[in-house]
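Listed next: structures, encoded as structure tokens.
Okay, so chain A shows up in both of these, paired with chain B first and chain C after.
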Partner chain A sequence: MNEQEIRGMVADVKEGTMSRRSFIQRMAAVGIAAPIASQILVWNDVAMADATLEYKPTKAGGGGPLKMLLWQAPTLLNPHFASGTKDQIASRIFFEPLAGWDKEGNLIPQLAAEVPSKANGGLSADGKEVTWKLKPGVKWHDGKPFTADDVVFTWEYAADPATAAYTTGAYKDIKVEKVNDLTVKVIFKEATPFWADAFVGVTGQILPKHHFGEYKGAKSREAPANLKPVGTGPYKFTDFKPGDLLTGVRNEDYHVKNQPQFDTLEVKGGGDAVSAARAVLQTGEYDYAWNLQVEDDVLKRMETGGRGKVSAVPSGDIEFIILNPTDPWTEVDGERSSVKTKHPTLSDPKVREAINLLIDRDSVQKFIYGRGGTATASFVNEPKQFKSTKLKYEFNIDKANKILDDAGYKKGADGIREKDGKKLKYVYQTSINAPRQKTQAIIKQACQKAGIDLELKSVTATVFFSSDVANPDTYTKLYVDMEMYTTTQPQPDPERFLNQFVSWEIATKENKWLGRNVSRYSDPAADEAYKAAQKELDPVKRAALLIKVNEIFCEANIILPLLSRTRVAAALNNLSHDHSGWDVDTWNLAAWYRS
Partner chain B sequence: MAGSTLASPSADPGVAAVAAPASVSPARETWRRFRRHRLAMASAIILGLLIFGVVVGPWFWPVAINDIDFSATLQGPSLSHPFGTDDLGQDLLARMMYGGRISLAVGLAAMVVATCVGVVIGALAGMSRKYADPFLMWVTDLFLSLPQLPLLLLIIYLFREQLKAVFGVEGGVFVLIVVVIGGLRWMPVARLVRAQFLSLREKEFVEAARAQGATKLRQMTRHILPNALGPVIVASTIEVSSAIIAESTLSFLGLGFPPDIPTWGRLLFDAKDQLDTAPHWALFPGAAIFLTVLSINFIGDGLRDALDPRRVI
Partner chain C sequence: MATYLIRRLLIAIPSLLGISLILFTVLAMAPGDPFSEMATNPNVPPEVREAIRASFGLNDPILVRYLRWLGAMAQGNWGFSFASRIDVDDLILQRVPTTLFVVGTSQILALCIALPVGIYAATRPYSIFDQIANTLAFVGFSLPTFFTGLLFILIFSVTLDWFPFVYRADIAATGWRWYWEMFRQAIMPITVLGLFQAASYTRYVRSAVLDVIRLDYVTTARAKGLNERTVTLRHITRNALIPVVTLVALQMPAVFGGAIVTEQIFRIPGIGSLLISAILANDTPVIMGVTFVFSCLVVLFNLIADLLYGWLDPRISFG
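Entry: the complex of A and B
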């Protein structure tokens, strides 16, 4: 029994297809004592927390069709071009990364034999190298074996600027070397505490070299496999009508034993969130619907039918308000909200403090979002070790009034406060989405009682979230006083997420408003803490630094967090699915089953 | 005023006065004929009540339109909330009265703009015997073939901020929507008017007027236009309904009024997800739009009959 075989068996234990006991018995049969066999499992992090779905069927196939509804329809199937979640979900059916994230933020191996750790030698002590061992015996859908060459190729493909891959950020600053057919080494230029980006999760799906090899670089968009994927996933591609329907059949050679259970797969696009929820919860036409941005009341009522259930998993996504510290109504050098300007009233910390007191977060949660979010005062809420315990929120109109009185803002004849002729009148913008318009109404009413007048503005989501340079209504332009939206945290590590708070990421005309710091606020202390966190290998110290960045912005009341969002999906009662807030919905599609 | 055309009391008031022994003015004669049209009369009363309700209603029902009350969400009609409440516990009656002012004003104002532009262009084209007619019809075809939604978006992006600065938030959007909806919906009216003019200008009574030395302008305004008005009135009443609906489309795209201004279209849009449990929320604004549009159509119908000189009532 060689090392490769033992690794394969360890992987089987992890997937639950082999019990711990039979592993130890098989080891004993070749002369390895039980304690050592158990040690092998520990070294391989089998004891590591694992919150994946327990897979119960005892054979692959026989589950009939699985019908999913993505109300925003997928339009392409190459995971490295997929900027929208809908495309990422669709391509993840066919392609897999080396490892994915489960609902508690644990790294779960998929095409890797094990997750690199210090214990198994996968992580170097200086934090500059990661060694991935690949799972043996994995085959592409066309029967060719999956090897380290494919992994190295995926890096070359995504790192090439001419490919114009959406995932290029994870690959352009690293080097990947093939050690042997089943081992690759990732080398970073500097110590990198958060190494699980390349080859992991949404950005990490591995492409077959023999299908994409000729299409690296400028020809990348011409590859036939962009629309006819050949991957390693649990379902093989059958047909794809972009924007409408995607179908697949069971991969009989799937590398996890007894998976998947369903014989065919159908992914249908179109409609809106409410009708998607209805198609699962009320009529039962579909098995699964994703991303249900619907008022919780509506979902609860649909659930009373008893056909399906709603599942909400925590994620790092946060719904928040930005108070613009720059002047959105004066144009300087061809842009409004320029960092060279100061907002006439919102630059006053007292006004911002008062507004923060006027947000009734508990009511917003209780009456609008329900299971869709939890009221919070911290920008980072998940994973828990990065959440600030210091930040608290309060809803107190009297206190807000007092702060404004003390700061010298007097109520005029129209009931609106002003000081030195500057009125507290603001434009408050968000995207069109029923829960958001209600939140706007609630905040507007509270502000009215404190003598602040809000003009509500709502912009259609496709415009609001677009990166169209010519459009004044995009969220990164921030041509308003207040703005509310949700920002998504794609990995269970807030480092990338918190680059929204650093000075070199401020959205300006020069960077075509692609900068991540939309609030335009900056603080040297936050910059410094962020830079230190990028190099800090001690997880505790690093968490403290990142919490500090978060607190600086929240305490300045520039960023007013409202709700820590959950990801909400609906499924039929008899469908067991594995829904993670840190990866796409289909990340563990192979383990879904119907009971 | 002889010839094959039947005597027309409305076309030439002077003649009508002589012809009818019991002297009645044309306006009174129209009113007499209109009153006979029962549906039109009933519609006029309903529309009158609606307008009266939204104009003076808020004085009798002084509840704030944005008073949030989480203890009374999605309640059906009751004494404290005659039209029920929405999902934030806001009083629907107050919101409907406030929104009704805007919806009705938008609908009527847009109709006036569309009809005026349509009549002027149609009349000029219909009277012209040289180049103006083909040219104006090209313009009409051009406007008909323009994709309206992208054009709307463009106009709104270009002018929203300026108009807001001049007329205030609601006023600016109001002017913009009325001009845009009116300005993009005059084409059917223009075509109708032109067709009427082309046929009427060759009629004997117009020839007679010309023989008496009437100028072109006088022929148009005194002789042809009154006879062409019937179909125009019907066409323009339809514009009212399409303007109310177009306003809600714009609000839906985030380009109309701010989301907290409860126009009838916006109320209907907000209510759609709760149709199964709170039907009252959608039914009241829906019924208001329905009644307005229907009654305006019937009034148009009645007016056409009353103004039609060839019809004996």
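Entry: the complex of A and C
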């Protein structure tokens, strides 16, 4: 999809001949996440929609207890130390960012009075400044007013490397200035098209200066408020036992009228996903369970009880296969899969094309993931405006056989194809996880029919995803021919996500395999488009550039996307909840209610 | 006695040091990384990840890290958890009461079943009662707790809807309701653990009693005209208890250590579940803390068992 096409679609939305939703879906098809799609619409003066939950209760309180079950237990409550989603969910109950993302990728103001835009003067023309107006009258849980000082402090806190905050990435290259008590200005060094990172969503939660002021930098761990959060959120902190139970009570001074409905909140942790689903869907002991990476069949069976329902929202997480274009079996300068080598057979685009035809994505979705994923051919699927419409997937063994025949790969006596003595035999690696092993088996079977032999290898997740330099089985080492895993797209903008397709991010021995480009493939055109996208302020042009980067890798069949994963949660039938794949499940907790 | 005690305590020091060194080395060499979650997150730049690793001292050689840990430990500083950034001793202390309650009660339940059943079965060997008890004991310890646990959940929670299967350490209720709620949530895990333990104890008690019951002094006691009850309780049981006491004493560390599998199934916030989540998160200081407490308890209860021998059987001396 190019710039013209996107512009045409935007015009259609403006005229009303195309719905917002279908625009967003079309964009997802070319690998553009929903938030970016909606950003494009805003840039072109189509008002932002509000996909958040409609809040029906007419008064705050009176809803009784809300009981949530996280099968991975939260272990800390400082949002800037939160390493995993579980901690981010827990801290978001008490702390809020200036704005959060709804499930369609719209930016919804939380502590901000409004979302900055060109129209309201929040975004400067050169793309270097963003001015946030803060919501007046917001109070911290201890009664002190929330002001611009807290926002500026949060930046100082997270940007300080000695604090060891996990959110540093969003803050270290910006400057934040207080304009007045209710206005702050974020200044970027360079024109930054995607400005909604600092103070937004997961990384953006604002800390109270009067509680954390003394604990900036090396003393960050000692702050008592790390475990006794004082925030602005809908619930006030009562008690926390790390790895077990978190309790809270209604914040009577919450800054949104008539919210929240529940009087108390309980977040229980521990156990496993299946029994968490059971505690909601079958026994009804809990109101809500999160991140149910459970086979869909199991969930469907539990749902038949009629107590609860499962909901799935799209996210940017993608399950994909990498075909290694470098040689994993030859060591050069102390590393295998070195960019200096070429894979004997996988460097042949025809072979890669054939393998892509041998992946039965529809079956993988239908029989393994169910509602947990949507089959896709594009690496970026959400927000929709970034999804490539050019990329299509197909499962066709005959066509694959023909391509291989034409390319001169002949079947040997053992049924395995070879050319010039090089056999199409590959090691296919992934982490240990039941759906992944099943997917491996489906692909192996199809490949066998085309004369390609796959040896399946699975590695424990803790090893596979570690950055252990000494271990040959980590995913960034790629000491195999094929590899499959999910990468998460933590914020809606795919720019940072797509840095795994640029040449300067290639994982090598030199950078201790910390580079983000695991496939080791590079294309000057992709590099160029990526660099141009980093500076491009017009979201339409930018989306077109990022789509190009995505398409280059997928068309080269280096990256074979399988499924766009969804976030699956279970809730009791009477609970109206609102979770988003672009933010944590509790991002809009204040608006949850029981009917 | 006193010299024996001192000697044993002195021997314990090098063995604990050895245990801690081995534990530490194995943990340090084990694959995995406490910050693996960051690795797939493009939001955390590699240099930030490296800085965090360095600030937690993860890049130093193993021996340096061990000596640092040992030095801190000697001063009573257990270190802090990488996952929650809380002191390890606080984390462990938070979990102790729940574990003591659940596992302790299940041990008492196990003994309350095993002692009478074992003794009664041994006094009437090969009777119907003995055969049934034996069969049940065999079935009981052949069924692993994760199986019986899930079975109980399916029957009593999902189908019958009698008990909750998610355990809450602090129940928001007072007075009788509190006891009732506590009973309702604790009964399944306690029964699962207790029955499993009771099965193995029963077999043990039975064979220990059988060994003693045929001895001459028992016949003598009967010949004196003592009634059967006195013979069984005063003469047989006391002597038969020596091996049972050892077994129970050696089980005590497990009472503190919790029951890893059962705690996981019922979401009991005990030490076992702390250990397992720490292992999964590669949270080395917590794993070190918990396993070290275990080893201290094992050493301590071995000593206690040895001392109890002397009290139960005056023929054993500590010369």
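In the analysis below, the second predicted complex is superposed on the first by the 548 of 595 C-alpha atoms of A that agree within 3 Å, B and C clash if a C-alpha of one lies under 4 Å from a C-alpha of the other, contacts with A are read in each partner's own complex, and residues count from 1 in each chain.
In this section, a contact is a pair of C-beta atoms (placed from the backbone, for glycine too) under 8 Å apart; a residue touches a chain by one contact, two chains touch by 3 or more.
Because the structure is a prediction, the values reported are computed rather than measured.
Bringing the complexes onto one copy of chain A puts chain B beside chain C with no clash.
When both complexes are overlaid on chain A, the residue A:441 reaches chain B alone and has no touch with chain C. Once the two complexes are overlaid on the shared chain, A:367 sits against chain B while remaining clear of chain C. When the two structures are aligned on the shared chain, A:458 is found in touch with chain B, with no touch to chain C.
After overlaying the two complexes on the shared chain, residue contacts for A:236 are found with neither chain B nor chain C. By the touch criterion defined above, A:271 reaches chain C but does not reach chain B. Comparing chain B with chain C, the partner in contact with more residues of chain A is C.
In the superposed pair of complexes, A:294 makes contact with chain B only, with no contact to chain C.
Of the two partner chains, chain B is the only one touched by A:432; chain C is not.
Minimum Cα-Cα distance between chain B and chain C in the superposed model: 6 Å.
Overlap of the chain B and chain C interfaces on chain A: residues 460, 463, 471.
Against chain A, in their complex, chain C makes its touches with residues 31-33, 35-46, 48-52, 55, 80-81, 83-86, 91, 94, 153, 157-158, 161, 164-166, 168-170, 172, 264-265, 267, 269, 273-274, 277, 280-282. Chain B makes touch with chain A in their complex at residues 66-68, 70, 73, 87-88, 90, 157, 169, 252-254, 258-260, 270, 273-274, 276-277.
Those residues of chain A lying in contact with chain C across their complex are 65, 69, 73, 75-76, 78, 81, 83-84, 161-162, 164, 166-170, 203, 221, 226-227, 239, 241-245, 264, 268-272, 275, 278-279, 282-283, 285-286, 460, 462-463, 465-468, 471, 473, 476, 485, 487-488, 490-491, 496-497, 499-500, 511, 514-516. Residues of chain A that touch chain B in their complex: 274, 294-295, 297-298, 301, 363, 366-367, 432, 434, 437-438, 440-442, 444-445, 448, 455-460, 463, 471-472.
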